[in-house]
Every structure is written in structure tokens, then in C-alpha cells.
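Below is the structure I would like to discuss, written out as C-alpha cells.
Just so it is clear, A, B, C, D, E, F, G and H label the chains in written order, and each chain counts residues from 1 on its own.
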């Protein structure tokens, strides 16, 4: 039985550290370890959460996601040995830096991440950083939107070889439908908030991708490169299974 | 100055015929003649409106659109010489029969109408019927959705030859983006209510098509094959222009 | 180069059969074969399309999906040897019968399909029928919504053993988030139109599932059991891969 | 009969103080006293409104809500004796400081406030501050989202003991459905704007919570910790009732 | 560990009965017993589910909700002793008959159910039927919408006496805000799909009620009289608590 | 103090008559009398409600609105002397018959009702019937949509003379903006659900009319001809005022 | 025939002044004069537009609306004699200063402007400034939201005397429905973006007001105090009409 | 076969340049050349992309769109000879500078760009800059919104002469419907985010324009002046065609 902390009349902001309930065994339970989501946390809280996960009983990589400069600096200072991927910002200007500690050894299973435009690269890179933290070789091919179909067709071989394909696209998100018709691999689509106007900050792409005419596409939340990578990690884990499954 | 009719306390439904204000000169003014939109009109009103347009000072084809069986029968009985195209129903079960009187002589300019699936055919056929009423040779190529890209690529030559391309698609509407990358012709996209669930009765396709990454696509309303054809007729009229424009 | 058919002024409805462009090689290209989507087709067109796929060069199961009674009867009469799964109707009263011809031999990889309520069963059964057509042993566990958490916890072992998990849920769709915390398998969520009012015919579940706090969930379209199964088939195909991937 | 003030051609901003119509008897009438909502008011107006309530005929605590630093400082300077709870900011960066004067004596009835993530803490703390101002012992248990179900299950005993439960969650808001299955207490859900993308700034959680499969959940507005606390105060007042009700 | 049933290739529709996982202990766990939601179930399944709950280890009333004529007849035939409340239909024409078995003995705590218009009565009566099944005396006061404020003001005394107030209203739902200003009781608002046009089938009322300016209103889903009653039952249970709570 | 009726366990549907709380003095209080809204009421309830209003202390016309054939017949049978205006149906197929008893003597103030298309006539006629019941001479000019601008310009003189103008339009509702630029009269816009697809059942017109670039347009709910007429009656009442107002 | 200016390759921003097409006769044509909408214009353009209107053939007051400090300063400097009403900002932080030149002589007809909260005052004051510019005595009564019904009831006499009533309210906008039940005057409702979360920046109030149960309310756009005032000016002009209208 | 670059653990932001896949042959394939969309690119990346296009095998103008000051400066510095059109900002404050290199020789076909208000000018000027880059004489006529109909009617002759008409309008977008009734030219409507409140940042205009009652209007995305110009360029290319088309 846990011991919830009582709220004092005037709690300091620092009290929030005590509010973290680290899920140390998530890696064993779900195949992806708990990550520290930086937005809304002070740099100190980010550092503490990372430290807690590193010193806990859990396995798997420790990730700090969507961190800004101060958050990643504080976390790296207190927890040496991390490596940082600065993916830029998404279209809503949220910083997309991912810091990794205890990165996994190389694992079987490769991912191919396609983006429709260069504006989708930050989300794609966040996904790639997470996949690499789990040990999966990952290739990013950017700017292959369907307005010039030859660009994606030029990567048909990569599509055929990949074990899992992520398609990162904003606006109308048509690249997902096209790519899914060119590969037998599972296709995970990430709608992005790239663009302006009718893209409705990613809602248009989200709807379009879930309404795709290409059977077998699955979709994650808007700008959710992290979630797409986690889904890919769960998927690629099937390559580790041997013997018969029930 | 017009003489508006006074509303009597208990107007009969028949009074509606007097409420029609036929726009006889629309063909001269806008390049497309007024058409009779059947829904909400009695068969008798449909027949009267067609008769009024046929006997009026206006030019151009006379069309009865979105008629059901009774409406088209009544209109044809009173106004002999019409030809009827029964395009089936759209995904909301609205009947899509178009009846044409005074069809135009063949005019320069050909249209290519692509559909993503067979469910989009009724809207495509309505558009084709309108284009043909204006004298434009029109070809419909159905079921070339992007899930199997080779299907649309097989029609690359048709795309290159067409003077205007209409793309009729529901669900995520990705065919519009792909087709626009394969032709120099103007591309008019028609979102349809085909499908179920996340297609949101055509809203998803409408948003996606207006957010397309392929520059130069224009879009009409959901299931609006008639409007797309009118836009195509206005466009193809440029081929009749000779000499320098200002 | 294909030969698009010209639209004659008054095309008969039967002409639609010629509009089908069967994608015989989709199985080889994408890992899932083209299926015949019944809505909007006449019984005769359904039967023809199935016949065309059966006699073509393609491999894999031939499926007729979302068929009503007449459509499945006509298709079975013309193409003997099919087996039919009548899954009932979804919450919008669309019939969900799936007919399978040339079902696949048993393949490695098992699927677990969870539903939140009994109202989600038709969509779950459609997904199961498709998975079984591809040879994957599939178990459906219904009515384990989170209002009584012990129900899903009782199936923790099944969750741990499954190679892929489908979660079919309407209303707020919370079962997806909970299930994903209890398994290392990929989790594919299917929002359904089950329920009334605030469920907004599946839109609420669609949004909620894509916004899930459990990392690694992916989502398909509303009521799209077929699409979820196709995604699962693509995923389970990883179990057939041997040797190193690039 | 009130005497509405006439608007002069160029009213100063200070005139707004005269526009306040303090509802001194709201505590008696509704069980919760009028509070001063800070946004849109100058620091001086905040101070004046608090002073007006303190010196008026009304009973109950006097609260200044959603104040920024200047507003709370001005109000505390003019009205000594207040205590301030700085809860941080909600996901839209609105400051969530609550200042309390004339806090109530301890009253029977305890509240348990659960949050799905640490990002939901500011709204949870605002709710707790209001509940404590009315004399109710309140415990906040943060970061027990359903991705790691053991976290909320560890508090099953607290859930069983609480007289009222508030669930503060953004994203898909699934914690509300789960918690409601684990307690007989009334459950008040607060959707928050925490997160990004598909959470749609709280709209997703709002829809999901009102569509919950767990019967007996009620919901307040997005980020409305104050409203949830007021509802809880009304609810806990039932514990003060003795004898038979009609 | 549960034993999930395997799905056979062509399962009969009857198999669904086996898919029910009755939550016999929900009454003890949450204060409200599991109810049988009729839509989507055959009459036989409704009868079976009721029989299962009646013969199981659980306590509390057994309810069949939103049943049509055949469903309630079948359930009453197999399970004698039930009483039926035919509340009419909601604005989407869904039948709202509630059948009760094992109704609870009278319990302390009275509910007042207000409706804005007579069109809101069916949902109000469904709520009342559920409250009465749990033993709570319930009064329905209909047609007291705010267009004629004297109507609700005439019931000010009832509002002051009630232990809990339910407000059932469609269109703009303003009655909830007004009623909450006239009572100290908890106020549970039920948006309904009553009306046409701008009411957007209840969405307008749902948004308006959650945005209410009257602090302390809570809201359930559109047309969800059952859920509102369950929330009221949980709330009124506080009147049964004696001694100190933690 | 009113005496709310207790709900008996199995109330008959007839009990609803007792639930009506007729607002006899609404005419004196608001300038428009209470009307009986037929949908959701039995024919008998409609008849009773009309009888109640006719025999009560109130003044002004008694109206039964949106009645179907049975409802109007029953009401007229029990309450002789009514006159019925059958306006047809709105685009959602709701019948729009208005029955009037105790119609007002002619009053100063004329209304001009414009419609964009003939499909908007039913809503326009409902508005006209209500205005005439209050004694205001009303002219309906249909089918003057902006696609042929000369049609509305032909009525410029009528626009200049009218004391109030109602504009009834679906689709994009542009007629409201145009008409408001041609008259000094107050302009009340009624968005209708006329049309299909992108009109979104009137939502598009509602948004467009409230976003109009013509200053001074006001808007009522979708298809709400009754509400528009009531607003016009309130407006025209200013013509009855004499002497100085405060 | 107008002479459209040709666009030069690199037009200076100043060229925009030439793009203004002042509608000098709008006062005569519509009863309200053209106003200069400041957002998007440079201070110089604001000053020029005002100067153009003042020196043109038109009648009526000249207004600069929604100006920020620089815009109003520049306009006043170049055009002496204006008076400025600084109404504060709306909830989206847009400045709401209205500057008036050539204000009208007092005219018959008084307006009462109610606001639900003090946050609605800026929009209310903008409306009042416009009404006063046209010569109408205008009273603003703020903070009479329905949570404390006595506040609006205290102004029942003012409601009865006013010639037109404006109701300015955000959140759920219920004040409009209540006020319309207490006056025979036309009621114009202005939804505001006041508040946070479920108010959806005014969309909730807009929907609620157009769905009001009080017949005869009309609505303008979100935060559109200017438009509401223009509608009121058109309405009050009826008081100037004498003799019989047609 | 392309050579996708591998993602290194800590890629520098500069790596993005390598991610550009310039579509050199887009002019030949689609009639409009690839343009460089500036948002999300560093000044250096903008300059590189322009340089790449200029030195590549492609034909047609090279455009940098939606550039801010730094981006256009860097691009012009590295690639001399460009000309810049600073169109101002759209209503979401996005800068709308277009820089053109290798502008086309004059081509047959003139465009008329109408705007409803001066706030729509930036988007209109962006469209004009693109059209002029392709060699088409373009005239912008601003501020001819339908509130003063004489303004657009004064340009009836220009409307009759233009080969293509663009209508740029926010708010309710009614100008598109009106203009389409006054010309035989194709009409391309651009909804803008101009205005506030009910305009919903362009969504209202987008919906209204696609629901237009004037047949033959086509629509592009919100604020998408570039896309509208590209559609116009494709359309005007028909004037270059000579001889018979197939």
C-alpha cells in the first residue's frame, strides 16, 4: 500500500519531485521503458526523474523527451553519459530534444522513417532517436511527398527491406497511403502539425491517415514521434521471438 | 422592378412554382446555364422549371440534377427529347440522375475523370453527364486509388493528354495529390462521402484535398460532381478563346 | 497502357463491373491481398469481383467484406467453397458479414482481440475472421471494459502470450490504454461507433485512442476491423522472417 | 432596484471596479461562496473585490483564483491574512495561484485527488486548495495514469476510504473510468489541456470522460479545478445533514 | 485465470451470450450494480443477462436499460417480478424503457429531477426509474426552462430541500446554470439531444453545461439519464455514512 | 409554490400532459406568446396544450408549430377555429405545419422574407405564418440567391420599404450579407439545412452568417423560422411605441 | 467603371492606401456608416482612411474600431476632434479602442447592455461606444450572470424600459436566454471568448445562444460588439419612422 | 536507386540540407516548378535550396515562398538576381514574402485577383507575385466585399475580360459566390484567416466557399495564395494549347 503525501496549505513547487511515481518495471511489462516527458517539469525535476530511473531496478534505456535546452543541460549535468539528439522543433514550436542514457545494444530489426517534407523532419528524428536508443538501426528518408511520386518510388527497395516503416507527414498525409501500397512491412503513420491553414494543426492528417484506403496502416497521435517509435519497438520485438507462439 | 407575390394565410404547396425565378441569361453571364436542382421539388415543379428554361430566352443545355425516378419521369413526359443518365446514388443514398435537354454540340476540350474506388463512380458519372451535356468528350477511369499505385500510373498518358482532370475520391482523398503530380492540366478534386467511420461523410476528404501538398489542386464541395463539371466547363472555355487577352 | 472505357450518354448500371481494376498482385506487394468491399456494389458485381480475384494471377485469401445477405449469397453461389462469418452489424447498422475463399494455411503468430463491451463484438469478429483467413489463430475475449478492471486483469496471461493484441472499444476507448500497459505485444486499437450521445459515433474513441498515455498504441479508423486485421497480418509476418535484416 | 451606472464617453479603466456586483449571499444560497476570478482584472480590482467580499454580509471563505504574481500580491497587501497556494500553470500557461482568506474550520468529509500525470498537478492543486479552504482534508496522489495500472491499484484503499474522488487527467482521460470502478464514492472528473496534438487542448479528455463506460462519473470543464472542488464541497455537505430528508 | 472462448470460423450469433462477463460484485465495489444495456443484444441475450445477474452472487437492483418492446418482454417473461418504466424515446428515437428487478428498499436521500422542456422528459424518467430502483424517492418537475423564469423559481423550495438535483435539458442547457444558483445540493446536469438545428444533437448543451458560470455543476454524457442517476446514487450514499471519515 | 407531481414506478405516457407548465403571461412579459412545439408530443397532448393556452389568462395568438398531420388534425378537431399553414418540410424532413388560433389584428410593421433557393421556402413560410399570426403583413420573395445577383437587385425597392428583413438561406448563406448592404432595415438571418455535403446541415450557413462582413446582421438557429419571426415581432413592436423612451 | 491599379513587382506596403475603396454612401444605404477596422492596417493607413471618410460625401459618424495605441494616436493626430473609448482587450488580447468623429446628435431609442461577467465588459463597452456615436443613450450593467439570478432580476425594470437589449456573455451564455424572458424588447446576444477551456474561445456561447429556448433572441459573431451595436442602430431606427409602412 | 543517408546519433541541424530532394522536373511534369517553402528552414537552407534549383536541370521560375526577412536576405545574397515581393503578413502573422528568380517571359492569359477587404491583400499579393513570376499579367482589386455591392459591380468589365479570377476573402467569403455570377472565367476562391471570432481562422470561409450556390467555383486551402496561383497557372496554360486535343 502506497503512502500518498498530504498536501500542505502552501506547497512549494519543489514538492512535485515527490509526486513522481516512477514505473521502473515498464520495460519488462510492456517492452518499452518509462520515459521522462519534459514539458511542465523544472530542469531539476527532469534531472531527478532521470536519476531515479537510472538508479532503480528497471531495465532498458532511459529517455528524456521533448526537452528544451535548460532541461537537457540539467539532466546531463547530474546524470553523465547521456547523448542528446536535437531534432529541432515541431510546427507548434515545441522543442524536440531527446536525451538517452543506457542505450540498448544493437537489436535485430530495422526501421525506415519517411517524411513527406523537410518540415516533418523534427518529428521523424525524434522517432529515430528513440528507435536507436533501443538498438534498432534506423534510416530517415526525408522530403519524399507524393507531389513528386518518383521520390518515394526511388526508395522502393528500402521499403521492401525495412522491418517496419514509419511515415511522418502533415497537410493531407497522403504519403502514408502510398507507402503502404509499396511494402509488406507494418506501416505506422505519424500525422504532423506541419503547414498552415487547412492542415488544422495536424487534425486533417490524423483524420486522413485513419481513413486511408490502403489497408493495414495504423496511426498514432499528432506529432507523436515518440509514440510511433514505441509502437515500432514493440513490433520489432517479434523478430526476437523464436519457437512457437501459443 | 419585380412583383413579389404576397403570401396568403394558407398557401397551397403548388404555389411554389410561382416562386421560381429562372435565371435565363446565366449561360451568357457565367458560361454555365441554370440547372434545375430536383431535391425538395415535386415532380410537377421539376417539369415546370425545365419547361420554363426550355421556352425562355436563354441558351445552353437544360439540366435536371439529382432527380429521383418520379421527378425525371415527370420532367421527361412534359418535355420530350431529354436524355437521362442514371449515375446511381451517392453514399448518403441520394439519387444522382441527370436529365439533359438541348445538349451542346461537341466543343473543344476533353476531360478525364478519375475515381479512387467504385463507390465514387456515381458522383463521377454525374460530373461526366454534365460535361457531355456541354459537348466535352469525357472519359471516366474508375478504381485507381493509391493503394495500388500502378493503376493510376497506367493512365499517365491519359493524364498528360487531358485538358482538365477531375479526381473523385472519398476516405482520405489521396488520389488528388498523386494525380496532380502527374499532369500539367488543371486538377479539380471532388471529395465524396464514400466509406464509413473516419471518413466523416466526406469531411476528411474535403480537408485533406484542400491541404494537399501538390500545388495547383482546387476543390469543390462534398459529392458535388455537378459543381466540379461546371468548373471544368468554365476552364475548358479558355480553349475557345483566340487572339490576345488583355 | 490501359484502355479507359468511354462513358456513353446513358450507361447502364451493369457497366460498373468493367470499372473494377483488380489489384491481383497486392498480396505480393503489401502482404495483404485485395478484398472486395461490398457496400455500393450489386450482388452481381460482388460475385464478379470475387470470381475475378479467384481466377487471377494473385495469391492469398479472397475476401468479400461488409456484405449483406444478398451480396454474400450471390457471391457464394457463383463462387463455391467460400465460408461466411456473420459478425452482426456495427452501431450504424451496417452489416458485417465476411466471406472467405482460399483461406490461408495456418501461419505462425496468434492474435488476441479484446472488446470493451458486447456491442463491440461485430467489429471484433470481422477482424478475427480476416485474421483467420490469413491462417492466424485468433482469440476473442469480449466484455472486459475497464469499469470492472478484474475482467481484463483476468486475461493478463493471454495478453502476455499474444503476438499481437487488438483492442476494440467505443465510448471513451480506455481499454486500449489499459491493455497496452499489460503486454509487450504491439497493440492495435479500433475505435467503434458503439453507444450513443457523447461517443459521437466513434469520434470520441478515435481521438482518445490517438491521445493515449500508454506509449506504443496505434489506431485504425472507426469500426475498421478489417484494417486492424490487415495491420496485424503485416505485423505477424515479421515472425516468418528469418536470418538478419539489413 | 439597482442603479446601473451610465457609461461616459471615455470611461477610465478604473471604472470597472464599480461594475462588480458582489454576490455576498452565494454561500448561503448555493453552499459555495463567490470567488474572485482574477484574469482580466487589474491588481487593484482584485484587491478591491476581495476587500468587498471580506467586509460584506456573506459567510464562507473568500478566494482569489487563477491569479498571477501581481494580482495576488496586491490582494494580499490590501487584505492581510490570506494564504496563497501557487499551483504552477496549466498547459495553456495560465497561472494557477489561489489565495484564501477566512478559510473554513475543519469539516467532515475527505477528498482524494488523483492525477494521471505530473502535468496535471497544477489543476489538481488548485482543486485541493479550494477544498482545504472549505475545511476538507484533501490528499493529492499524482502520476497514477493507467499506463502503469499498479500505481492506481496501490491506492485502492485510499479510493475506498475517500468521501469524494476527483480525477484530473488530460490526453485520453482514461484514469477516470478506471478509478470509478474502484470506489463507491462520487467521482468528479476534470479534463485537462495537458499534452499536445491529439489531446486537442483538453477536448479529447472532455469527450472521453463524458462518454465513460463507468457509470456514475460526472465531469466539469477543461482545466476547471475550481469548479470540481465546488462540486465536491456541495457533495460533501451531505455529510453534514442529519435527520431525515424529505 | 479466465478461459477465453476460441472463435470458430462461422460462429452463430447465439455465441454472444457466452461473451458476457457479468460483473457481479460491482455493487459492492462501486455502489452501483452492473446493468444490462439492451441495444445491440437480442431479446434472448437480454433475458439471459438479467437471469445471470439475478442468480449470481451480486447484490443490488438488476436493471435492463434502453430496451425496446421485444427486449423487455423477453426479459420479463424469463425473469418474472420485474417492473417496467416506459419513458418514451429520446430525440434520436432510441427507446428508453427501464426494467427493474430486485428493487432496493427505501433509502435515505431524495432526488429532484428538473427538465427544461417536455421533450426532455424521457431522459428524466429514465433517471428517475434508476434512482427509484435504488430506493431513493424522486420527484420529476418538467417544463421549467428559463424562458419563463417564474416556473423554476416556483420550485425554489423543492430545490432547497432536495439532497441532489438533476437538470435535464437540451438546446442551450441554461437551466443547469440557473438551478445551481438556487440550491446548495450537488447539481448533475444531463445534456439532451432534444430540439433541432443548432442544438447539434446535444453537443451544444454538453459544451454549455461544462462551461457553466455557476460553480459546482457536474455533467454526464448526452442523453445519459442512467449515468446521471448512478452518479446521484453514489452521491446520496454519503447520507448513509456515519461516524468520522478519514 | 407549485406542487410537483411524484413519479410513480410505471407512469403512463399520458401523464406527460400534467407535465406541461403553460406560460400564460409570456405575451405580456416578452411580446411573444408561448407556442406549442409539436415534436415529441402525442396528438392528444398537442390538442390539450392548445386548449390550455386558449382557455388561460394569456393574450396573443396561440400557435402549434412543426406539427405533422395527426398533430394538427387532433389540435384543430378539439380547438375549432384554427387556420393551418403547411409549409412543407425542412431539409431534414421535419414537417413544418403551423396552426394558428386567435390570430392578431393587423399591426403596423411589414416584413420581407427573402430566400436564396426554393429549398429554403418551407422555413420561410413558417416564419411568414408566425408573423402573420401576429398581424404583420409579410411578403415572401423566393429564389433570389446571389448566383444571379439581378434577382435580389430587382427587389431593391422592397428591401428599402420593409420594416424588417428576414433572409433564409442554406449552403454558404451569402444572401444575408448582400441583402444587408441594400437596406436600412434590421436583417435577421436564418441558416437552413438545405443542400448536401459541405453545407453540413446548416452549420456552414450558421458560421458564415455570424461571420458576415455586412455589419448589423443578426442570426438565429438553424432552420429556426419560428425564432426569426419572434425576433421580428419584438423588433416591429418598436413601431407601436410612441412618446420618448428613457 | 473603376480603374484597378496594376500590381508592380515589388509594391511598397504604403500602396495599400490606394487599395481602400471607401463606401461613402453606406449610411444612406444601410443606416450604418462604413467604419475603419484597424487590425492589419498601419497607423498611417488608419489615419488616411478616417480622413477619407471625413472628407467624403457620406453622412454619419466616422469610427475607427479595434485600434491599438499607435493606430488611434495617428488617426487622432491627423484628424482632430475625435473622442476615444478604450474598452480594454477581449479575451484573445485584441485591443478594443473605438475612436469616434462626427458623433451623431441624440436620437430616440435607448439601449441596455448586460454582461454576464466583468470579463465581458470590453466587448460591451465597444458596443456602447458605437451606440453612443450614433446618438443612442446606452446603459451598461455588468456582472449580472445567472449564477446569482437576483442580480439580473434587480434590473427587471431597466429591461422593461429599454428599446433594445444587448446581452454580452461568454462561457455558456445563459444570460441571453434569461434576459429574453424578462423583456419585450429585441434581444441581441454577443457571445464572447471570455473564460478558458470548455468555452472554446466563444464557440460554446455562440452555439448556445443560437440554440436558445427563449424565442426571439438573435445572435452576432464572437466578440463582435461592433456588429451588435450596428444591429441595434438599425433596430432603433424604427423609432424614427412615422406614418404607415406598406 | 537513391542512397538514403543514415541518421547519426547526434545529427547537426545542418544535416537537413542533405534531406532536400529537389524535384527538378516538376515544371515539365505539372506545369508549375518546385518552390522552396521557407517556414521551418534556416536561412542557409533556404539559400541552398534556391541554389540547387537554379543550378539544376529544371525549367521555370524559382520561388522562395513565405520567407521572413533573414530567409529572403540569405537567399538573395547567395543567389543574386532575385526580386522580392513583400506582401505583408497573413492574419496569423506569418510573413508572406515571395522571392523570384528566373521569372518567366510574358505569357498569354491574364488574372484578376479580387479581395473582400484590405486584410486579405497579403494573400492576394502572394498569389499575384507567383502569377507574375510565371509571366501572367495580374491585376489586384482590393476591398470590394459584398457589404457594398457597387464596389464589385464597378469591376464587372474586368471580370468579363479576365481569363481567370481569384477571389481572396475571409469571414463568410461571400464575394466568391457573387463574383462567380458575374464572369464566365474560372473562379478560384482562397479562404483567408482574416478577421476574428466566428471566422474560426478561415474555416468558416473554407466551408462557405465549398458550399457556394454559384456553380463552378473551386477552392484552395486557407491562406493558400501560392496554391491558388499555381492552379491559375495550370488553367491559363490552356491558352497556349493549339490544334485539337484528344
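Here is the rule we go by: a contact is a pair of C-beta atoms (placed from the backbone, for glycine too) under 8 Å apart; a residue touches a chain by one contact, two chains touch by 3 or more.
Being a predicted model, the structure only gives us computed values, none of them experimental.
Student: Please name the chain that ends up farthest from subunit F once chain centres are defined by their CA atoms averaged.
Tutor: If we average the C-alpha coordinates per chain, A ends up farthest from subunit F.
Student: If you tally the C-beta contacts for B-H and for E-F, which one comes out higher?
Tutor: Between B-H and E-F, the larger count of C-beta pairs in contact belongs to B-H.
Student: Is it true that over half of the residue numbers where subunit A touches subunit D are used by both copies, so same, or is it different?
Tutor: Looking at both copies, the contact residues mostly diverge.
Student: Copy of G-H's interface among B-H, F-H or A-H, judged by over half the contact pairs being the same?
Tutor: Selected pair, repeating G-H: A-H.
Student: What whole-Å value do you get for the distance between subunit C and subunit F if each is reduced to the mean of its CA atoms?
Tutor: That gives a centre separation of 48 Å.
Student: Report, in whole Å, the distance between the mean C-alpha point of subunit E and the mean C-alpha point of subunit H.
Tutor: 55
Student: Where the CA atoms of subunit D average out and where those of subunit G average out, how many Å apart are those spots?
Tutor: Between these chains, centre-to-centre, one finds 34 Å.
Student: Could you give the separation in Å between the centres of subunit F and subunit G, each centre being the mean of its C-alpha atoms?
Tutor: Averaging C-alpha atoms per chain gives centres 27 Å apart.
Student: Could you say which residues in subunit H touch two or more other chains, in rising order?
Tutor: Within subunit H, the residues that touch at least two other chains are 26, 29-30, 117, 137, 147-148, 180-182, 197-200, 203, 206, 210-212, 214-215, 221-222, 224.
Student: Using the touch rule from the top of the page, what pairs of chains touch, sorted by label?
Tutor: Here the touching pairs of chains are A-B, A-C, A-D, A-H, B-C, B-F, B-H, C-D, C-E, D-E, D-G, E-F, E-G, F-G, F-H, G-H.
Student: In their complex, what parts of subunit A are in touch with subunit H?
Tutor: 83-86, 88, 91, 112, 115, 117-119, 121, 125, 128-129, 132, 137-144, 147-148, 151, 154-155, 157-158, 194, 196-200
Student: Residues of subunit D touching subunit E in their complex?
Tutor: The touching residues are 26, 29-32, 35, 108-110, 137, 161, 163-164, 180-188, 206, 210-212, 214-222, 224, 226-228, 230-231, 233-239, 241, 244-246.
Student: Which part of subunit C faces subunit B closely enough to touch in the complex?
Tutor: By the definition above, subunit C touches subunit B via 1-2, 4-7, 9-11, 13, 16, 19-21, 23, 26, 29-30, 34, 37, 39-41, 45, 92, 94, 193, 202-203, 206, 221-224.
Student: Give the list of subunit G residues in touch with subunit E in this complex.
Tutor: 116-117, 145-149, 153, 171-174, 177-178, 180-182, 195, 197-200, 203-205, 207-215
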